[in-house]
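Beneath this line is the structure, given in structure tokens, with notes to follow.
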């Protein structure tokens, strides 16, 4: 099976960041809950844990695993950097690129996208606004996730606070490169937020604290998945 | 057992960098060879693989594992960064800091050293010359590894090409903080280079391509270990 | 007079970098030679000196002056950074952005372009290849300069070594945003190289060592300008 | 006259940052006010304006001018970077290094200090705490300015809120390198704060908003200078 077939849209991608609730043993437990929701609802749920947790999660679950970042490097002398080949061999099927907390130079975004294509990894490139999303679309990644940084972690959903950011992003991206899948994120904490995001033209959400730091991540994620169904 | 007791000097620390011969399955094989040499010779050998390989190596061998880098962060919103807690939970007992290929701002070196102390991780901070080594000693890490960057990967051993760099480093560090263990690196490929490094006052070596890219890493590493014994 | 009317295409933009021949008093002398060529040939020649030399050159010549870089900041606490307002008040009419030797994160390129628009400064954003050029075009700068980094400073002109880089850049940019003026650079040292660059569809060249480090910069620049005329 | 003789301790160094009140024409006016206070009180006052303002201020006043930052580079291909030679030729007699808003990698602090020595420029290296100050002292700069970043711009003086930061810094620095002049900064807005800083063992203050954003900078600075006298 091609790695690209392991995921489908609409998609819920959970970014574990470096939250305590998403580190080590807890990361594995969280990934298993995500796997359960995915199996029960038949909605595509993927996780982006820390680098050290990719291998344990990929080997103990069937859930699609993404890295949170890769560096624009090849095999060689790059101590302390993130090699695309290493996250692939550990079991990741793709990676976030240019998250607002780990931004890259433009030429490095281009280089990392090209690298993911060579390795048959899925690229999800983050953008902070519509014009940056349009620029990214010109680089031909698989997906773009637009997240206004001022809303990240606030619980104020982008789909409600700034719906025009999402619709403008979708419009601009489709003009430049209609093949790019558009996700949105920032402030998404309820099933309704997910439904609203899809209604605005996206094909999924990038979520972090809304799930990872929820009192009952399984329950909240289940609501997310159900709202994708009823959408 | 305290993690600090898992290592002792003189020490051979092998940095796997992002070499193909030190990635994924090959990283695990290489770590097992290092473990064998350590068990056979009773010389302390440690490895610093990529982040994704820490967990597999720590769980399949008894060799001390170091990370190649950590970021000056705590639990939270730091997508794509390296959390000290995550490398510890994956099985690392310490970390390289400020390798010449992954340099940090001064305040971040200070913060990461303090973080390793809180977590009972061993800090090995890299320096490019004696004055930088002295500055690092003032920050009270466990070890400093001096490596003139122009010799890294050349096969020209620092102990031969620039012995004064090593002796000046040892002298300056001992003046400022005699508790800091001094290692040296760059260009070390033979057992003789290791013996020379110890003779100059160091308590071990940081080696990368000399072992990782050797035709027979086991054989070369065995020579390293034997030269530590006869020293 | 609007600052935008101070320049016209085709344009020769000379980047002084931090060359000794383009620093301080020598920078001013070089700018005066460039001004002479411009006045004699009626070809638009502009200069991009170091920040410290913007004010002296802008006050002693009539040549259009660009900064080599600005930071994505506003008035405030940004010690050591480059404020767009400061380069404007010193006399610059625009700025290079994202030169291969001073690359920016994607969101910062977007922010600096927006800042130049607010201040009526001309933005010239550098790119290393056609796909990056396309991404930049989506951000709506005034100009893009494509320079394959492997040719910079070599004397091997991009127009000869990699003409397809230039023609593909022109094609992609015009698809996304036909208003963006395309320049090219890297390895340009003769009038013929300039003519070739225009023939490939560009509206000017970005040149550095080819002029700044020439034995007789006036003479070489005169050839550049003449080849723009005969084009 | 040697540039080092142009300044003496105790010293008041005013960092103009990128404040609107310290940019362009206003920067020159502010520097003239500082010059007046210095002439009237015979206290050493120096200014650190933006790069573009070094030349105008150095040519229109007699006040010692510092850059806010230099890069660890030499003459060559470093577009957009700050060359020590360029700030010297523009009229600066020294530079801040590693300000908390423009931090450098450790090896680059070492390289820039060495560069200032070659060029007979005065180095003032900033530190965020006592251990970092100690590390800097090992690199042998002319001066160190300790500024707890959490107090910068608050109006809460370090000399009052964290006197132990200042006294510990003085103690550690004098142990490692007694020749290093110690300044302190952060939150200093009144003459009393200056007197307190000197009482804690420093030889001057680094101040920014306390002067630059004061309603009447001349008046506040005069108080600063008078408190140095009565100290």
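So that you can tell them apart, the chains are marked A, B, C and D in the order they are listed, and the count of residues begins at 1 in each.
Note that in this section a contact is a pair of C-beta atoms (placed from the backbone, for glycine too) under 8 Å apart; a residue touches a chain by one contact, two chains touch by 3 or more.
As the structure is a prediction and not an experimental result, all values here were calculated from the model.
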| item | value |
| --- | --- |
| Taking each chain's C-alpha mean as its centre, the one farthest from subunit C | B |
| Inter-chain centre distance, subunit B versus subunit D - centres from mean C-alpha coordinates, in Å | 37 |
| Separation of mean Cα positions, subunit B and subunit A [Å, integer] | 34 |
| Separation of subunit B from subunit C, taking each centre as the mean of its C-alpha atoms, in whole Å | 45 |
| Subunit B: positions in contact with at least two other chains | 100 |
| Chain-level touch network, classified as line, ring, star, complete or other | ring |
| Interchain contacts (touch definition) - all pairs | A-B, A-C, B-D, C-D |
| Subunit D to subunit B touching residues, read off their complex | 98, 100, 103-110, 127-129, 131-132, 134-140, 172, 176 |
| Residues on subunit A engaged by subunit B in the complex (per definition of touch) | 15, 17-20, 23-25, 48, 50-56, 68-69, 73-83, 85-87, 89-90, 96, 99-102, 152-153, 208-209 |
